[in-house]
Every structure is written in structure tokens, then in C-alpha cells.
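Following are the structures in question.
Both complexes shown next keep subunit A, but they swap its partner, so subunit B is in the first and subunit C is in the second.
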Partner chain A sequence: MNNPQPIDVQWAWAPYQPSAKAPWDLRRVGHLYRRAAFGANWDELQSGLRKNPQQCLDELLQGGPDGPDWPESIGKGNVGPQIPAWWLKRCLETRNPLREKLAIFWHNHFATSDAKVNNAGYMLGMIKLLQRHALGNFAELLQEISLDPAMMVWLDTNTSKKGMPNENYARELMELFSLGIGHYTEQDIREAARAFTGYEIKNGRGLLNAAQHDDTAKSLLGKTGRFKAEDIVNLCLDQKCCAEYIALRLFRFFISESLTPEPQLIQPLADEFRNSGYNIRQLVERMLRSNLFFSDHAIRTRVKSPVDYAVGIIRALEGNVSALALAGALEGLGQRLGYPPSVKGWDGGQAWLNGQTLLFRQNLALALSSTEDDRFKSRTDPARLVRKHRHDSGEQPVQFYLQLFLQDDVPAGTRERLTDYLAKARQQTPPVYWTAEQSADHPLRAVCHLVLTLPEFQLD
Partner chain B sequence: MFNRRDFLKSTGLVAWGALAPGYLTKTACAAGNSYGPGGKDTILVMLQLTGGNDGLNTVIPYGDPLYAKYRPTIKIGKDQIKKVDDHVGLHPALDGFARLLEQQALCIVQGVGYPNPSQSHFRSMDIWQAASMAETLTEGWIGKALKQNAAPAFHLAGANEPAPLALAGAPMRAPSVTSLNDFQLKLAAATGGESKMQKAIIEGAAKANENAPEMLEFVKKTAINTYESSKRLQEIGKNYQPKVPYPQSALGNRFKLAAQLIDADLGARVYYLSIDGFDTHSGQGGVNGAHANLLREVGDAVAAFYQDMAQRGHGERVMIATFSEFGRRAKENGSRGTDHGSGAPMFLIGGRVKAGLVGAHPSLEKLEAGNLKHAIDFRSVYAGILESWLGVQATDVLGGTYEKATILKG
Partner chain C sequence: MPLCRLALLLGALWPLAALSAEPSDVLRYVPRQADAALIVEQPRQLANALIRFEPLRQLASFAAVQEQLEATSSKRFLSLIGYFEKSLGKPWQELLDVLAGGGACLAIRFEGDDSPALLVLKSTDEAMLHKALDLAKDVARQELDRTEATARFRSVEYRGYTGHQLGPNAFVAACGPVLFLSNRAEAVKAGIDLYINGAHESLAGRGHAAAARKMLPAQPAAWIFGNTARLHEMPDAQQAYRYPKGDVGQLAVFQGLTDVLGKSPFIAIGTYLSDTGMQTAVRMPAGRDATPDGLALHLPAEGQQATLPLLEPQGVLFSMSFFLDLGKLWSERERLLVESTRKEIEGADQRLGRFLGGRKLAELLTSIGTHHRLVVVHQAKAGYSQQPDQIQPAVAFISDLRSPDYAAGMNAVLRSAALVVGAQAKLKYKEEAIGDVKLVTYRFPENGELPGDAGNARFNLSPCFAKVGNQFFMASTVELGRELVSMLQQPEQPTGQSTTQMRVYAAGGATLLSALEDQLLTQTILDRASTVDDAKREAARFVEWIRSLGLLQIEVDYGRTEFHIDIRMKK
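Showing the complex of A and B:
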């Protein structure tokens, strides 16, 4: 919360070049893949280290093929509960992780829940819109989302009529989607709400029904006119604070949740974002390539979201689990994609971890590493992984898991305790009914589980 | 039966001296103190109605013709209302509350709010939870109260529900719990000895480190509190037999868990629960429908909880207090719902609350930008709860002096 020394703005956003003080090491490779992807597996870490940061970033920004397409049956059968599972499947399998991550970022930004929309087809339409614009243009995204059918149901635009406007969308458009609290008045909301009257969903699209639209003049944000929905969105985009607000949201997502940036740190990014006509890719690229991104101000200064936490474990274990089972588990951790708790989305940061969710995380780590859980079985097996990479003898497994999951970023004492534990676990007499293979694999899986329970592993 | 001292012992605050960081041991000493007037062993159960409860369709001024005029499609007919006096009455779905009133265990504080009310859900909820208008809010009013009188607190959470700001700042982080079964750390070990080694590593890694960065320190603090609470919660009886049936609802289940924890005598002074869904911009319904269902879930769960507690001899120890971040617009909108408003009622339930109405219903004539004007500042109600119920000095918690609302029987 408190920043003892102001950060040099010039330095912060200048492109990162490895140096003796900030070398291109395993720690930074891991950090980049956690933030711009869903974490790195063993081979990605090793090859990342051999490349330079620019090459890694080029590849991540370029991206490969997306995960599996959304099946049409979800929309046709209106099976909303398959949305979180299918979205996780895409996260687990995508070769274009940055785009998927940003789609989830926008899902959180324009948080809409099927709990109210109750139309999986509309929800999928919106999610595809978010994926299409994930690294695209924010102005276009904001225009399209305003008349997106899922959004129109979610925030009641579809029932707002001339003479009796519903303020729900107008308020959240300004408060959460574009300006942030303090940059508009209650009167602005009431005026904007009149402009959003008369929009209806026809054939799966938001269309104006002039008969129900309030066509009279509205005065807001210093302008007066016979505004329609599109004009209100443009008025919001014209506000200087809009670019600042979005840049700040992305700062929290890519740089830090514990650092409250001074306005002057955000300003150059906001100016660029605005001058580029709201080019998201350019803004994201500027952040990811920066000195600040690769500094201690950023590394492990966020709490992993449940999706990042679980998908990160499974990708690192090179496993393949039932996405439906995983979606069920993530509900306990507090994140059900397609069903955010409110229009504000998930609070994120420290709010991810309370007593119950921490225990659910630790128990999920056990389920994914012990192979005995009925939900996941042996489709993620740390013992198989450590053998595959030939790090299964002596103390090697401890080193392997610590590098894979934490890039060695733990106190020396922790490493010693784990090494000691592995030795003792191997010496103990296993239950008589265990096979030789079980007895040999158990200590490898157990030490992996312990690595996943370390406090450092909760951090992104 | 465990008492508070046992709780502290079993949570390892005594036995775990080596591991427990300073803030925990300090708490252990403070909890031994006796509480201020009216405060000894009392329990506060906060119930948050998330989304902005429509106060006007909750405590209804049926005697005022403007009520029906403002609400052509969602009004409640006079004959359906559970009358409190000849001017106001309760929504028929609040049958549970009406019965509590007959038992002299329901206090209705009318027209509660604050000046220049925010109509943002999130800002206004933060203001209510922090009892502060400061721009950045990091501590809650209950968290601050627990600094004065340290005692455990629990957040009984639904799925998808983070810990509330209201509890932030407490010396021991209040754990969120969804169910006792789920509130345990699972391990896979070949032998008892191995299981002990695993626990030692997991708990040892959560040990505080003075040089740890802020985020890591936060994770460790959460972890250490969680592991300790979990051990204690695993020791209490699994099979709680309520004295009265609880409604089959998510909120009913959480209230039953609260009763179970209170009856286990863990020494906790505060329980925090919430129910979401009150943001009724469209299709709110009248006698039946979305809003009625929510009120029924609240009324039935609270009534069952209070009867259960009363039959176990805790009726005079517990107080349930409800609040919402704001009320709703006096006139309904074109979607047969209501937009964000301001002043609204709070309910206080318990054997010692002043039964009946406190304050007058806000005028339907003198609206403020279409909203009901508040007459009682919510911090006055908090001051009453803090001083008369929890025995905590209110001025420090509220950052100012507010006239203490009279909420207890004389």
C-alpha cells in the first residue's frame, strides 16, 4: 500500500534489458509465463531461459492456435453450467494463452452472470465478443458490449422504456466499465439512462425500437444533445479519465495488486492508450516489455486467481483432467467463470484468500498431486513427470518441483525441510498392501504436494 | 464444553507459542479481559442484505396513499400487510419477523442512512462496512471494534463470497467458513509419522517472517489463522440437533452453522452472514416474486435461529442486526422494479432489543431526488451496538461521536 520511494516513471516503462541487477533468470521467465500465460511447464521454462526476453514476449504476443471451439450445443441446449468447464478446457489447451487470459480479464471487467441472464447462447455470444476484442480496440468493445444481448438482460436495458427509464446499465457503464466512481454525477446517470431507453433484443441482437426511445435532449458530462446509446458510450470514451481508468485496471492485472501507483506513473500509458484510439494490444505490450514488469515491484505482488492457480498446476504437471470436475472444484475456490458474484466481478487480490478458500486450494493441490482423488485420478501425476524429466533420484525431485513451481523462490530452510522429508518418507515402511510402484511414487507425489502448499505458491 | 480459554488453548495460542506471531499472543491476553457494560459474552450476528434492499416494500407505510401511487405494479395490498401500527406494517413474506415482534424480540429502526448517500452498490457497501467516508477504506467497523476487545469472529460464507471489509483489521483474521466438513486440511501420508512431518512443513512455512513482502505476509497470516481455526472446528460435535426446524435454504443452513458454533462456545463474539440478490431493478414482484422470496428466506432463517438460540438459553446473548447498502427509489421504474435509492430500515432481533419501531417512516412526500430521506444515521445504530451490546468505545471505531440509538429494552 505504501510506496516508500516514488518509482522513476522513465525507468518504469522503458523496455527491459537484462542486466547484472536484473538478469534474465528462471525467476523472471517464470514470472513472464505466469502473467502473460497460465504458467510455464518444464520445457517452456528451460527454453525460455535460452531465448531472450524479447523473443519470449514476441511469441506470447503472437500466440498460437486457440483452445477448442465452443460447442454450439451449449447455447442451443441452454446449458449454462457447461460454460465454466468449457472455458477451463480452453485455458488448459490453448496455445494462445495471453488472449484467453485477457478474455477472462474483460469478463471480470464487464462482469455478467448467467445466474440472471439465464441464456447460455447470449452468454457465449458475449464471451466470444470478449475473446475477439481481448487484444483489440477498447472503444469498439465498449460500443458492442453496450448492446450485447447478455448485457442487455443482465443490466435491464431490454426493459427500459421512455418515460420510465431503468438506470442499471447507465450507472455501471460509468462506474465500472469506463470512468470509475467520482467522475460523473447522479444526474449524469439519470440523463444517460434516458438515452438507453427503447433498446430491445431482436433475433439475438440489440436493436432500437424508436417508439419506446426517449428522443428528447439529454445533458450530461458537459454536453447536450438528443443522444442515443452510441452517443453516450462515445461521451464516456471522450472523457480523459476513461483511458486512465482502464490503464489502471490493466496495471493491477499485469503489474501489481500491492502497489498503488501514483497518477504520474499511469499517465504516460493512459495518454498513449487514448492517442492510439484505445488499442489494447499496444498498451498490454508496453506493460509486459517494461522494466517495471520485470522488477520486484511486480514479481509475486498479486494473489493467483483460482483459474491461474489450478490451470497453472495442471499445465506444469503436463496433465489432462476433466474440465467439468475442475470447474466444480474451482467453485469452492471462489471463481466460476460465467458466474461472477456481481457486476463488479471478482474483487481479486487478497479477497481470493480467506480461511475456507485457502483450505480448498490446499485440498485441490492434494487432489491433483496424489492420484487417489476420484475426480482427477492419475491424469496429473507428479511422479510420472519427475521421472519423465529424469530428476527422480536423490534430492533431485525437491529441486525439480521447486524450480518448476516456484523457480527456487523459497527460503533455504524450506528447501532443507523438504529434502529431509523426502529422505525420511522414502525410508518409512509403507502399508503392506501398497505395490512397490506405489511405495516408490508416494514420496515423490507427497513432496510435490508440499511444494504446492507453500505460501509463495499462492502468489502470482 | 469448551470455553474461551479452551479455544485459545486449542487454537494453539498457548501451546503454539513458538509459532504464533505477536499479534496472536497479544490477542490471547486481551481476550481474558471482561467486557464493558451490557457487553459480557454478548454475540452479534450481522446479516448483510446485498444489492440494496427495497425498504419501502419491506416496512410499508400502508396508511399513506402515495405508497400505492408510487408503486402501481409492485405495491402490497393493505389487507396483506403484517401491521405493526396503524401507519406501517411488514411485507407478508416477513411472517417470521411478525412472529418475533409478537415475542417482543424485533426492533425496527426506520429511515436509516447517511448524508449525501452514494448510490453505487460498491461504494455504499464499503461505507456501511467501514463506517467511514474516507476515499480509501481498508478496515471495517467490526474489525476495529475487535481491536478494542479481541475475540474470535467468523464469516459464514456462501460460495463465491469473499471475506467482508467489515471484519478487516481484526487482530486475528476472521476465517470464512462454508461448512465444517470442508474446513479441514487434507493430507495423504503412508504413516502417522509422515502425516506429522507434512503438517510440520505446511504449518512451519506459514510462520511469520519479519522481512517478508506485504503479499507474502498476508498469505502467511491467513494460513496460520486458518490452520489453527480448522483444528478447533474439527473438535466440536458434528451432529448439531436444532431445537426448531430451520428452513431449507442457503441462508437457513448458514444460520444453523452459526447456532452450532455459538452452542459449542468458541468465545466468538461476532458472526457475519450475507444474502445476495436484492438489486431488484426489474421484475421485483409484489406479494410474491423475487423480492418476496428473499424476504421470506431472511425472515424464516432469522426466526428459526432466534428460536433455536432462545430454547438453548442464548436468547438474551444474541442480537442479529440486518442492513443493506441502500434502499431503493420511491417510485418504481418501467421494468416493474426499482432503481437505487437511499434511506431504509434496519432490523435488530434478540431477547433484549427494544421491541417495535424506532424512528418514523421517511416521508413519501418530501423526497430527495426521488429517494426517501434518512433520519437516523447508521453510525448511531452502530454506536448503540458497539457500546450497549459489545461494550466497545464507539468514538474510536466510528471516527467521530454519534448519538447512540436506543436499541435495547429499558
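Showing the complex of A and C:
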């Protein structure tokens, strides 16, 4: 979508201060928690409303302590199919949701799939690397990812030898990981590929075997030298377009995927990113604290990814489900963590939604709200939740679910239809053998399911 | 789905019924065209046995099972049972007596995805059965209304009885004290025909069901009658039954079972439950007589003992002892094998010499004995200073030799094989003297890496072999090999009547699971959404539950005209 009016750059990146025109309300609290976390539960929303945006952001950036370490059997046993579940469980339970969310962003950026790597230990090593650097330093991340064993297998660096260089990593380093198309030549790739020869995986680490390395001079990106892998990464980082490319990717992730930003809108962010020595936290913080982030340009301008959709529901319902079952369900929705479809990652945006995935989203919403699905059982129970928060009488449940999941951001007609539905559902005669509690709970769960299938709820 | 709920209700009532002094005649109402039937003659006794069965009682205390019992569908089911109890004025145990006290049977005719199935319940109180059916229909109607389904009950008259149809695949009718429920109208009609006409065309009247029931030990908790007539008509089955045969592997492994199945008009399977144990008996009315004279690889001469005692090294998970006369495969090849297969074997005899250390295949087949044993053992630690990422069980195969002199021949065969494998994996050869026995061992070097073995799985293996008396064995680890040398030096004689006996040891399985604790924990954490601490507690309980299961023993016996498999789970 092109913007009818250019966005004022000064205003855009100035820190957001609540005002009558842009108040710190439930809508903005929910937006912050959706983008910088996996959505909020009822207490987080209410608590966020009582705080100011700066306090909320400080807490999200700070995060909390990590949980206890897990057994290492997934890597040791090479149980690849458990990787998506392992990651989803972290997303469900983490006290550092922003870090986890960014790790998924970097997973999509440096898209690597166990379908080819076929080594769960390498894959977990890479995911932990992404988590470690998620809010750290991009230059260090790019250096480490270049010799990460999973990446070396994925893009064939481990088989690239002197005299027979493989160009896969050199190409993606420039095209997808750091510069973007149009900022390098085919000759640059061929030269860089020679610098990446001779790297092997020894004891789970990428190491240089000098005997297989092409140590002759290479010329690329305006420089000449007997470059090794590290030098090529540094050459990429030295390019002005590198910061612009990464800032734009993060803009699409945090601000809007439907907005096409003018170069001058991204430039201040890119300059700061570069001048900070590629400090990711500083760049992310600048975006999240901005007027633009809390404006209508950003709110609900992305399509929720399957992970955001499902984890958001479960966290909001204060549930705790089988990660294996959830991973299986998300595969149908088009996202299997650890198994992106190609080196370009998931297309995202509107590509998340089609006839089939929408149906699967509705089915998953039903499974998570009905308590009748064998995979999730009663672990996410909307009826229990409204009772816990004492919003179970009259029209309260509709109001509660709309505030919890959509922060009331729906047309009035939608609210009326849901209220009517709940009233009619309560009037229906339940099967004669149901207990009073079963009869009372069923309409509550049904109306929650309807909220989760609203078009607005598919948007981030 | 209302239909499902109706089926659920009736299905739930089926396994729970009354003690009856007389054997059930429920098979009188099952059409003889059925291919298989599951019969519960005394449903209440089965229900009581399941409730008292200790392993199930323990299992019910696990969080995963508790959660299932607390699930909405389970709660609604219990509400449904409660509603029936209240409406019919009896607790469920008594309802079981009344509604299915005459027996219950689920019969099926295999016709692909839409196979017709028929559930028959025989009540001891006709009025109560009809009342229960009316109640079930009311509940189903309410479910249909609640879910705004378009399907409605439709009454269907047949020979003076009123049946009820719900949608295209649900039919139910009550005739006197007998209830029929099926996915096909024809099946219910056939049941009504039997009710009116008598049992002549039923499984009880025309089939072999009575003979099958007689072959089983008394008072099964549930039993299955399998009609093999249609199986025998299938071209693939006829091919498998015929001599000479084309598949050597199938002949060596399944000859006995295939021959018996080919001659048996039915198969009977019964299950028996006590408070702490369980037994399953499989019976067929053919035995040694099913295999042509002199061609049985799987049978010793009549009256001879068939198997050596099971070996039980430390940490045993599985032990098997069986009779197999591979020598006959060579000496009787003209009668046993089709020409093309025979020629392949004769060609192999000529060609394989250099891979068999200069020995002939015929010599190998006719020199190894007829008593074989297999053991799988959990070993807590691999015999290397470096440990594999995942401990794998050790395996050994033990066979007797017709002539102890052939040990030299086996030695040559195995050394040739080791030479081929060892050259690629750089295996180190070593001989170890244990008393008079020479244990030949191979080990992987511990320095360096082996391409493709990132998890160091090779350190689970230190293959070895040895001759002990007239026994020869190959083991996957030296540690197991040493233990076998010691065990095989004890005198032993064939003792078993069974041609195959096996044991699965829960204690060994529990120890193996303990060694695989990390995998168990990860699976629990991911599947149950547990914390690490909760997963540890649950996994430890699960291991102890496995250990408490005792052992599973399987014995295969060929009588002159009967075939038996007995599977016993006991403490």
C-alpha cells in the first residue's frame, strides 16, 4: 500500500507521548503486547493500562529470568520433529517474549531448515544462537551465523573446497542476510565464495581447514585482499546499504507490512543502527517507543503469523497445552518452526491466509476454546477464565472476550451480534443429561470461539 | 455428533453386564456371513475384572489419565451414565446385568472402508431394554436439536418389528430382548430374520463358532471368532499356502503359521483377566498335520523336545528360543522351493564361497543346529571410555551346531564378514581367552571421528563371537559375549514342548527407560506441558509402573491337530 500522504519523519520516530488524540488505552496496550510479545492476558492488559507506555516497554525490553535447562535429548537423539514443539513451549512460557519473538524473526531472516540439515543438535545450536543475539549485536550475529554448523550444512559451506567453491552461502549472505538485491554483482559472489572455501564442521563447530581454503587474493565490493570468511562478513557490514536493509526488515516486522516506507523514513533508523555498531536492541527500542508504532499506520496492519495467532490465544486464555499437539496444528496453518519452506523463509503477510489455512485457523480456535478436543482437552477453557475474572453473567462474557482478544477494536454491529448469539445460546435447551455447569459453560465457550474467528482477530 | 453419542451410549453399556449361569447364545443372532466377531458372554464380569486389574488401576492414577478422565467429553459421558441410572432406576452395574446380561457381540464383515458392522445385545429384561432404547433416542434427538443437525429418526417396519434409522449409516431395532445396532439396514434385517426364523443361518447354527469356543480355555473375559473361509479364497493366500514355495524368508519365518492358517476354517482368540495378570490364547484346528511330511523346518520330530531354555543375562529385555531346521531348506529344496528360487540358492552356494571364508552355503545350512536363541539386553554403560550419545541395547544370537567341529567353519565365515566390514570402519581385532573358550572381538578405535556418526553410536558396538561346547554365538558387545560364555558353559538340554518361546521383561524395559530418562523427560515436557520437575516425577512413576508389569511370556505349540499360542502377562 502506498501512503496517500508522506509520513512526517520527525513525528514518526519521536517518542510516543499519550495525548487526547492518541491516548494510552487498551487498544494501544494490546498492540504493544501483540508486537513486542505474543499478546497479553487479562492481568497484563489491565496492569499495562495502569502503567505508562515507557514502563511497559522497559519491562518487555528487560524480560525476566529464563526457566530451568532442558534435557539435551532432542539434539543427542536427532529428534528433528520435536524442534517446533520445543520452540513453541518456550514461546508459551517465556518471560522474555520480545527476545523469543525476535529469535523467530531472525530464524525467518536466516531461514534454515532441518529438512536439509537433518541434525537437530545443529538446529538447536542455531536457534540458541538466534536467541542469544536476538537483541544483541547484528555484526556478531552475522559473523557467528556464517560459521554456524546448521547454516554450513544448509548452504553447503561445509563442502566448499579450494578449486570448487560453492556459491550458495556467499549469494545468500549478500542477497538475503545483509545487503539486499542490487547492492552486489555476480563477480562479488564468485569472489566471496572463494573466501568461504575450506570451512569444516569439527566437534560441532565451524573451523577453517587451511589446506582446503583458497588463500589467494579476492576482489569484491571495492576491496582486494586474501580474504577469509570473517573478512567477507565485515565487508558486507561496511556497506551503507546493510543497515538500511536490516532496518527495513525490522520496520516491516514491528511497524507495518502493508506500508511502503519512503527511504527518508528508514534513513534515520539505519544511520543510528550503523553508528551504534549494529546494536539491535537500540534499533528495536527506537521503533517500539515511537509515535509511528502507536499510530493507526501500525495498529492491525499485519496479518498474524500462525505462531502469533495460536500462542496469543493460549496465553490470553491462561492455558498450558501440549506443545507437540500445537506444533502439529500449526503445520496445517503453514508455519513449522525449524522447517521454513526455503532460504527466503515464510512469505508471511497475506500469504498466511487462504481458504485452507483460514479453515484450519477456525478449527484450531474451536479446538482451543471448546475443551472438547482430545489434543488440548480442558487446558484452555474460556468458561473457566470468565468465571475466574468474574465476568460470567449477562453480557459480560462478550465484553470480556472482546476486550481480551481485540481490546474492543470491533464495529458496534459485531458486538451486538455476539451478544444476541450468547443470549440465544443460553435460551437453548441443553441435552437433558448435562449438568447445570456443563449447560452454563457451553455458550461461553461457543461465543469465545466466534470472537477468535472474527476477521479482526487475524490481524496483528 | 448425535450419532456418535448414541453409539457411545450403547457401546458403553455393552461391555458392562450381568453374570449368567448359562453360556451366552448371543451368536444365535449374528448372521453367519460375518468374518469376525468379538463376543463378551458376561459383560459385567469383564467390567469388574477391568476395574480390579491392578496395572489399569495404577495407570489410572497417572496425571495424563486423570486429565483424560476430567476432560469435557469424559464428564459428559459420566453425566449420561448418571442420567440413565436415574431414569432407569438402577446403578450402572445392575443396568449392565439387565441390558446385556445375555451377552454382547460385535460382528463385522470386511468389505473395505464401509464394512458392515453389527452390535447385538441380549437383555435379561425386555421391557427395560425397550425403555433404555427410547431414552437413548430421546437423548439423541436433543443432541440433534442442540447441534442444529438436519438428521432425524425415521421408523422402518420389517417383518412386524419397528426399526429406527438415523441418517444414512445408523440403524437400530429391538426385537424382544435382543437389540441390533448397525451401520447397514441389511445387517439389522438379517438379525431380525434370525430372531424370527431361528439360529440355523447364524454363526451359532452354521459356522464353526461353537468349535472355536470349545478350543479356548474356559470362561474367557472376551473372545474373538475369526472366520477364515473368505481368506482362503484370496489368490495371495492360496499362493502362500501352496508347495513348493517361492519366498525363502517367508518359508523360514512363517512356514508353520502359514500352513496352519491354510488348513484352519477358523481362528479363536480368548482373553482372560485376573487381578494381577492377563492371558491371551490363540487357537486353530490344525497343527503338525498342516505341513507335508518331512518338510517342516519349524518342527522337531514328534515327541522330541523343541527348544533350549531361555537365556536371561543381566538386564535382559527380550529372550527368545526357537526350533528351526535350516538344513532341510537344503536337503529338501526340491520339494520345498519352486525351481527359480532353488536355482538361486544353488547359484549362491557356488558364488558365496569367497565371502564365507571358503565354505559353501550348503555346508553352513546343514551344519548349524536346530536350536536357536536370541537375547536383547540393556547394558548400562558401553564398553568404551567414550560413551555414545544414546545407549542402545546389546543383542546376541546363539545357535547350536550339528557337529562341534563345524565351529572352525563358522569362525571362517564370521572372520570373512568382519574383514569386509572392519576394513571400512577400521575395526580392531582381538582374541580374548576365557578359560578354554576363545572370544574373538572387534572394537572401534576411540581416537578420531567416524563420518556419519555424529552421535558416537558406534561405541554401542564391540562385536564378538565364540564357540562354547556345541553352541556358537555372535554378540553385539564384548560384555554380553563374556556373560554368554559363562552361561553357555552350564549344561543344558532342550526342555520345552513349545517350538518357540519368548519373554519380554518389564524390569529390563524399566531399566532401559531409566537410561533413556532424557528422552522420556523431553517427551513428557512437550506432550504434557509439564515443568522439568513434574516431568521427572511423572517419568519416575512411569518407569516403576513398567517395572511392576512383570513379564510377558509367549509360547507357540504345535499339537498333532491343534495350534496354540499362549501369551501371559504375569508378575
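Everything below uses one rule, namely that the second predicted complex is superposed on the first by the 455 of 460 C-alpha atoms of A that agree within 3 Å, B and C clash if a C-alpha of one lies under 4 Å from a C-alpha of the other, contacts with A are read in each partner's own complex, and residues count from 1 in each chain.
Throughout what follows, a contact is a pair of C-beta atoms (placed from the backbone, for glycine too) under 8 Å apart; a residue touches a chain by one contact, two chains touch by 3 or more.
Values in this document were obtained by computation on a predicted structure and should not be read as measured data.
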### Query
Once the shared chain is lined up, is A:Ala323 touching subunit B (first), subunit C (second), both, or neither of them?
second
### Query
What is the contact status of A:Gln428 with respect to subunit B (first) and subunit C (second): first, second, both, or neither?
both
#### Entry: Touched partner set for A:Leu459, first subunit B, second subunit C, both or neither
first
### Query
After superposition on the shared chain, which partner residues are touched by A:Leu61: those of subunit B (first), subunit C (second), both, or neither?
neither
### Query
Touching A:Asp347, do we find subunit B (first), subunit C (second), both, or neither?
first
### Message
Touch test for A:Glu372: subunit B only (first), subunit C only (second), both, or neither?
### Response
both
### Query
Who does A:Leu450 touch here: subunit B (first), subunit C (second), both, or neither?
first
## Note on the structure
Comparing subunit B and subunit C in the superposed model, the one touching more of subunit A is B
### Task
Could you say whether A:Gly121 touches subunit B, subunit C, both of them, or neither, answering first, second, both or neither?
second
## Note on the structure
In subunit A, both subunit B and subunit C touch residues 370, 372, 428-431, 434
### Complex contact set, residues of subunit C against subunit A
67-68, 70-73, 75-76, 79-80, 82-84, 138-139, 142-143, 145-146, 389-390, 454-455, 516-519, 521-523, 525-529, 531-533
### Message
Quick check: in the complex, which residue numbers of subunit A touch subunit C?
### Response
67-74, 76-79, 82, 85-86, 89, 92, 119, 121, 320-325, 370-372, 374, 377-379, 428-435, 438
## Note on the structure
Listed in rising order, the residues of subunit B that touch subunit A in the complex are 50-51, 118-123, 138, 155, 157, 159-163, 173, 175-178, 182-191, 193-194, 197-198, 200-202, 204-206, 209, 213-216, 218-220, 222-223, 225-226, 229-230, 276, 281-283, 332-337, 339-340, 369
### Task
Spell out the part of subunit A that touches subunit B in their complex, as residue ranges.
1, 155-156, 159-161, 163-168, 171, 175, 181, 186, 189, 197, 257-258, 300-303, 331-332, 334-336, 339-344, 346-347, 350-360, 362-363, 366, 370, 372, 411, 414, 417-418, 421, 424-425, 428-431, 434, 439, 442, 445-446, 449-450, 453-456, 458-459
